[in-house]
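Paired with chain B in one complex and with chain C in the other, chain A is shared by the two complexes that follow.
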Partner chain A sequence: MASNSDSVSDTQRTLYPYVTGTSVVALKYKDGILMAADMGGSYGSTLRYKSIDRLRPIGKHSLLGASGEISDFQEILRYLDELILYDNMWDDGNSLGPKEVHNYLTRVMYNRRNKFNPLWNALVLGGVKNGQKYLGMVNMIGINFEDNHVATGLGNHLTRPILRDEWHENLTFEEGVKLLEKCMRVLLYRDRSAVNKIQISKITEEGATLFPPYSLKTYWEFAAFKNPTVGAEGSW
Partner chain B sequence: MDQKMDFNAPHSMGTTIIGVTYNGGVVLGADSRTSTGVYVANRASDKITKLTDNVYVCRSGSAADSQVVSDYVTYFLHQHTIQLGQPATVKVAANLVRLLSYNNKNLLETGLIVGGWDKYEGGQIFGVPLGGTIVQQPFAIGGSGSSYLYGFFDQAWKEGMTKDEAEDLVKKAVSLAIARDGASGGVVRTVIINSDGVTRNFYPGDQLPLWHEELEPHNSLLDILGAPEPMNI
Partner chain C sequence: MAKSSIDLPPKGGFSFDLCRRNDMLQKKGLKPQSFLKTGTTIVGLIFEDGVILGADTRATEGPIVADKNCEKIHYMAPNIYCCGAGTAADTEAVTDMVSSQLQLHRYHTGRESRVVTALTLLKRHLFNYQGHVSAALVLGGVDVTGPHLHTIYPHGSTDTLPFATMGSGSLAAMSVFESKFKEGLTRDEGIKLVCEAILAGVFNDLGSGSNVDVCVITKGHKEYLRNHMQPNPRTYVNPKGFTFSKKTEVLATTITPLKEKVEVIEAGDAMEE
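And now, the complex of A and B:
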């Protein structure tokens, strides 16, 4: 049975993704981190799966959101499972925080990139430990950074500008959720891989909460939408 | 202008495969066409393969790849069952399929649907598409013919069907896909798995409904024309 460590390494070159998740958006707020993603798994242009969980709690202090190849995300979850398990087995009262988990992921992603066998994902890692909020991102080529708000994929182009404009320190939970929903709605309008079934999750000092999936209302009642050519008959 | 027949093209199961859970078990279904380029190499293949007594897999994509993955998983599951001392669970079978698909994603081109029944979780269906993602679903469709079934299932699927409703749904769906997908054809095979065991069924074309622009089959034109004209001298 062939596996990653085999001498078939010559065939392990840059791949292409098959089942992919689209944008993840996250921001820091007063009590911690808020993160949002839809539940879609696209297969090329087909919106094939509509109930894929792309936000997961990691240990006691972190939340991971993933876009890109879902099978690679599932494998990363197994690596992190092992990491957290070993950390717990020390039974020393300490536990891996978001900074440490982000660092681990960065090393894994960059290492795979150097071997020309990347894990085809863009990951968002957020969390709170000892009052310190942390929000970072790492992608398949190993680029990583932390910021007050991050997004992957199309979210970078469509939602970061909104966040740059409207984010501020100490957002309340309600303000944060409304802001994330504004971002997700824009993605729903303008990202063709988006699916109208989103999950929002938060992480605070107390722990992670994954809210139940729900759908967003969309707005189409513009006069210009109903009659697009009224000002220019004959055009399209 | 004749199409060159490439008899050496890789055997591919164009295919339509389906797995559906119902109240008490699962129903797996598939067509029976294996093609080598445009030639139908096998018009009565069996794409629903046994992994253990209680877990079966529907195969699509490259025939060779799906067969070798099934063979390995059957082998591992057999050992696992001996060591465990009781039937393997559907989840374990599906994860073994995932492991092979994921770790060999550069080499393999096969999409699989694993379905079965175990005493812990009842009937379960797991999709393992290209790349090695594993996703548990109440129903799964795969293969080239599945493109024509997304809309159908969005409308026709409902939770808590009976065994007969589920099998009818699968039969209807495979037959609809065969009607529109050139790479699917032949007969419809179904496998029903529940606590009572496994039932295999076989539905040739004449036992399936007719769709748009399809006509009743006849042995000959002569039967349609009725009594022959009396001879005129």
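And now, the complex of A and C:
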């Protein structure tokens, strides 16, 4: 398989993303991990798909959230499917936990980056195994780290400050959801590719739960929005 | 055909004559001078009695912090202040210039300056320079028509907003505003929210840092709270500081002035006409 750049394989490397998903935000809470993402898939500047599931359970212990190129996300899901399948075939009572899946994804992403053919995604991997909570992130260039709260894309700039301020150990489920909603609302206001149809999912020792999608309430009644030129008619 | 000498108005704007020379020098290896940018978080919000402006105090030159405690809230008029982000020289010069123009206008009209006047003067100037004057401003003030808050972008467009953020830390500060702002805030709530927004920029953005400056403008009154918060104090290795235990004994004291003290007589020699 020719992997160095010659005219044939050049056209087969990922150069830019086409259908993209926007930010994913996730945090650790008392019982496990909470993750949120909207359901939009943008084709450049058009909002092409409005029901893309970007949060998926992986095996028994993990949740994967992806932003970036949707086709690469679907390819990653196939790789993980194969991984989990082989793991189950061992039938040895052991199952791959979030740390292992995260490590596998890091190797895959970094190797593809080294071949100049990246999977154009930023992935969030969270899970609970044997009482141990784990939340990590991998990038298309292979940067990976784990933390108490992570976000991809514009979420890094808009929601990490809120999370750094308001996250604490032992958030209850309701507090966690409220905090995630706060983050998703800011993203809805200020990210041009955000859609008002968000999905929240949680993973605990018992397993993963994907909640049905819903939309956030927004507020547009500020006086300055209604009448910005008060006192200066004709200006803007 | 004879050349007609039409008196053209003097060409304003920048002169790009030296660009070719600069390009040539760059190709030969001359590193271009870096300029002082303010890499900043600046915010403004409207509360029940007026406007509150806030800014951080770090000025960067590339990766280096050039000024740890600079002033980014500039005076425009007794009732109007302006925060500036972008190239430090541009924000200083442009706010200074419009401040003098406002003063002259006040003398001419005999009235208090209006925020929209400052807004129009600034945006006309910035548009004229097509974005080359790299100044992104948050302008706020209270005049006879009420409190106003505007943002002005380097290319000359403006927005009128109930809350605004600019600079590299604007996303971090905006996330705080979008989640916590509501109308009719009291003065203390407003100052607290402005500080929170600037602190979000200070701690989450590398281009912003050091202290928080706040300016509260209400009808007929303004308060410039320089270094209202100092969340990054200088720390020393020894937490107790330094004490010099053994006191040196003073044996004798003589004071010798290095210069002769000269008496200045009022109404001395008058200057030659």
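Of note:
As a working rule, the second predicted complex is superposed on the first by the 217 of 236 C-alpha atoms of A that agree within 3 Å, B and C clash if a C-alpha of one lies under 4 Å from a C-alpha of the other, contacts with A are read in each partner's own complex, and residues count from 1 in each chain.
Keep this in mind: a contact is a pair of C-beta atoms (placed from the backbone, for glycine too) under 8 Å apart; a residue touches a chain by one contact, two chains touch by 3 or more.
Worth saying up front: this structure is predicted, and the values here are computed from it rather than measured.
After overlaying the two complexes on the shared chain, residue contacts for A:Asp87 are found with neither chain B nor chain C. When both complexes are overlaid on chain A, the residue A:Thr46 reaches chain B alone and has no touch with chain C. Of the two partner chains placed around the shared chain by superposition, chain C is the only one that A:Arg160 touches, whereas chain B remains out of contact.
By the touch criterion defined above, A:Tyr18 lies against chain B but remains apart from chain C after alignment on the C-alpha atoms of chain A.
Legend: residue contacts after superposition of the two complexes on their common chain; A:Ile70 is shown touching chain B, with no touch to chain C. Overlap of the chain B and chain C contact sets on chain A: empty, with no shared residue. Of all the residues in chain B, the ones that touch chain A in their complex are 72, 98-107, 127, 129-135, 137, 147, 150.
Every residue of chain C that touches chain A in the complex is listed here, in rising order: 46, 114, 116, 119-120, 143, 145-146, 148-149, 158-162, 171-172, 174-176, 178-179, 183, 196, 200, 203-204. Residues 154, 157-162, 164-165, 182, 185-186, 189-190, 222-225, 228-232, 235-236 of chain A touch chain C in their complex. Chain A meets chain B in the complex at residues 1-4, 8, 11-13, 15, 17-19, 41, 43, 46, 48-49, 51-52, 69-71, 74-75.
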